[in-house]
Amino acid sequence: MSRFWRQALQVAKRDLLVEGRAGEGVGIVLPFGALAVFVVPLATSGSASLLADLAAPVYWLVTLLFGMQLALRQTATETVPQRRLLVLLGLDPVARFVGRTLSAWVLLIGLQLVLIPLVVLFYEPEPVPTPALMLPALALYALGLAMLGTLAGDLTVGLRTRTALAPMLAAPLAVPLVMGASQSLISISRGEGILTWTLLLVATDLALAVAGVVTARPLEETAT
Amino acid sequence: MTDPIVQLRDIGVRFGTVPVLVAVDLTIAPGEVVGVAGPNGSGKTTLLGVVATLIRPSSGTGRVLGAALGTDDVRRVRRRIGLSGHEPAVYPDLTLAENLRFVARVAGVTVEAADRALADVGLAAAADRPAGRSSHGMQRRIDLARMLMLEPDLVLLDEAHAGLDQDAEVIIDVILERTRRRRGGALLVSHDAERLTRQVDRVLRIEAGATV
Amino acid sequence: MTKRILPVLAGLALVAALAVALSSPPDVLQGDFVRILYIHVANAWLAFLAFGVTAAASIGWLVRKKPGYDRVAAASAEIGVLFTAVTLFTGMIWGKPIWGTFWDWGDARMASTALMFFVYLGYLALRRATPDRQARARRSAILGVIAVVQVPLVYFSVVLWRTLHQGLTIRPDSVQMEPAMLVALLVNVGAFSLLYLALLTARVRLARLEEAVEAHERAPAGRAVTAPRLETGQ
Amino acid sequence: MNGRRMFLALAVVGIATAVFFLVRSAQSDVVYYLTPSEATERRPEFPDGRRFRLAGIVVPGSVVESGGEYRFNVTDGADEVPVLLVATPPQLFGEDINVLLDGYWENGVFVSDEALIRHEETYETPSPTSVEAAG
């Protein structure tokens, strides 16, 4: 394995190990997101058809907002001494971006997998004919969010207003992702093709990857 | 190999509009250990950041391990620089052993070297203790263990003696001795002038951002 | 001298543009409502230009690290946000009588323009949140490069999707507009370009003055620390 | 660093390809609105009551108003669809105008409760004859 991928995987492994110990994502963000799913039905008139219609919008909203919380979790925020250490170890900034994205991706997919049964169970939306078709869209959606979260987190590292600022920067840029994923779901439930929306997701993910690679070096200096 | 390890000429650093360093000259020859002393706010820590290639000087010229400061050249030499700052660079959620092993894998050193360094600094028995629940002194020892493991050609210690007991002092002695033997260089910042003079070849004083 | 000339020129041009817009012939379908188009299109075009300048200046900063690039990037983004707001506003005023609605969620042009507005609001928020000038320049330059991805998305959204918003009127191969109206549009674009330049130079000058005030008599941090005025009592 | 360049080159090619096919498939795939021919052709996909948008030109001479309801036909040159509009149409509504209707099929009639005008990207000054015709 090349030095680049060894470093990227080490960074991803470190993030997941820290998450396993601190449990901020699994123990705090995830239950909080689940709670948000419960609040919506309580605030409606109790109409079953209304809830069924709300299932998908609520799902996308909660995965976007809480996905950002997950990607920007405090325990995964590197301190200045930690960042300086990594720079002096000769860690390739691109490998760092890839590693951090990978770990956030794993957690975001986890968040999605937990929220889907919850929404299906409590909102009873119309069944999707072939749910497996959604898997690529969900994976591409989570990948894009992971990259955006990593970028926004690095841009705002060390700022006092970070917790609100980072999601504010990421959310409007995430809209093509939300659009691609949500329209994929609509197309699948109508039995239409999803090529357009898959292409939109792929193009957005690639553009974010380019942004991540190009800005990795200047971003490295934000923490030193 | 007579090129100096560090050579700074008339270095200035400003944070925003606030000048922190105004005119610093510094040379560290191969095999030399230099101490830096000065009052609070005189720019000692910033100087260390400049030498570590982490802070870009606003003016002046400098070379560290042959790489010109402020250029992409410094990327080549960073792996050969070891820094221990005020705050230890550890992940509080990882154990002491995991901290060192992570560094070893990223830097391309064997895991055995990490475990050996951990034992060398006297933390073998505490290997599985989370770093966040270890004392400040133990965390500092992890910083020092990293230097034993990676053998940097340029050793930078900020507040070298803070939080370390007499035993740990020996670790610094060993690191400096090995660095001298490798013909590397070291820069130590400390308040404890007495300990400093014992360990370094000469002391540089800075006041209000300038060497005096 | 030039700092007086540009605002005056821009002011005169805007008066002329308004006169041309009001005296140009009405559209066969839209009647007098077509006059809103001149301001709407001119503002939209300049918003794109402003964000393009922000991106270019951001790249300039990342390469050269000169504070001048950062000032231009910041000033242009502020003006771009202002022009985007005017674009959205005039678009809504125009949409009501012509389309029959202020806003249409299915329309890619409207949605993407609103998003562009929020992306650059975020850019300004990031600047405000970063006190250190060097760090602010670096971070906002990086975001300035990432954010500009939105601009072509907005411009081409009418080509990408079938929308309520009409397609491109001025294309490389044809201009589907009567000459008299085209002249009115071009005069307005010219006038708003002058306004953009006047605002940009004024804002950059202001930024430079702000920094000069900040830098006035700043001593090294260490000089602010003196020996404690305490004595150990016996 | 060569890997970095290669990735960037490949990614840019990938984005260009994706966008190219995206534009092509978006024009056929993405249903912001249907033309009258498409609406007739894809009739089985849209059972009565399922909402979609229909865009076409109001057929001259087909507009009949009664009690705030408008009946007219829209066309795309090929097919015609009968429309019942149960809302106040926008100011510019009239014959030969491009309209965008939100509604659903009901017994072969497109029932709409929202009409928008879709104007073209062409701008013309009125010719003397059309001024008279507009009255």
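Points to keep in mind about this one:
Read from first to last, the chains carry the letters A, B, C and D; within each, the first residue is number 1.
In this section, a residue touches a chain if its C-beta (ideal position, glycine included) is under 8 Å from a C-beta of that chain, and two chains touch if they have at least 3 such contacts.
Source: prediction; values computed, not measured.
Two chain pairs are in question, A-B and C-D; the one with more C-beta pairs in contact is C-D.
With each centre defined as the average position of its C-alpha atoms, the distance from chain A to chain B rounds to 37 Å. Distance between chain centres (mean CA atoms), chain C to chain D: 32 Å. Distance between chain B and chain C, defined via averaged C-alpha coordinates, is recorded as 46 Å. Computed centre separation for the pair chain B/chain D is 68 angstrom, with centres defined by C-alpha atoms. The set of chain D residues that touch two or more partner chains comprises 22, 26, 30. Residues of chain B in contact with at least two other chains: none. In chain A, the residues that touch at least two other chains are 207, 214, 221. Taken chain by chain, the contacts fit none of the simple shapes, being neither an open path, a ring, a star, nor a full set of pairwise contacts. Of all residues in chain D, those touching chain C in their complex are 22-23, 26-27, 30, 32-33, 53, 89-93, 97, 100, 114-127, 130, 134. Residue ranges on chain A touching chain B, taken from their complex, read 3, 6-7, 10-11, 14, 17-18, 21-22, 75, 79-82, 84-91, 221, 224. Interface residues of chain A, counted against chain D in their complex, comprise 4, 94, 183, 190, 192-193, 195-196, 199-200, 202-203, 206-207, 209-210, 213-214.
Contact residues on chain C toward chain D in their complex (touch as defined above): 25-30, 34, 37, 97-101, 104, 106, 108, 159-164, 166-169, 176-178, 180-181. Against chain C, the residues of chain B that register as touching in their complex are 15-22, 38-43, 207-210.
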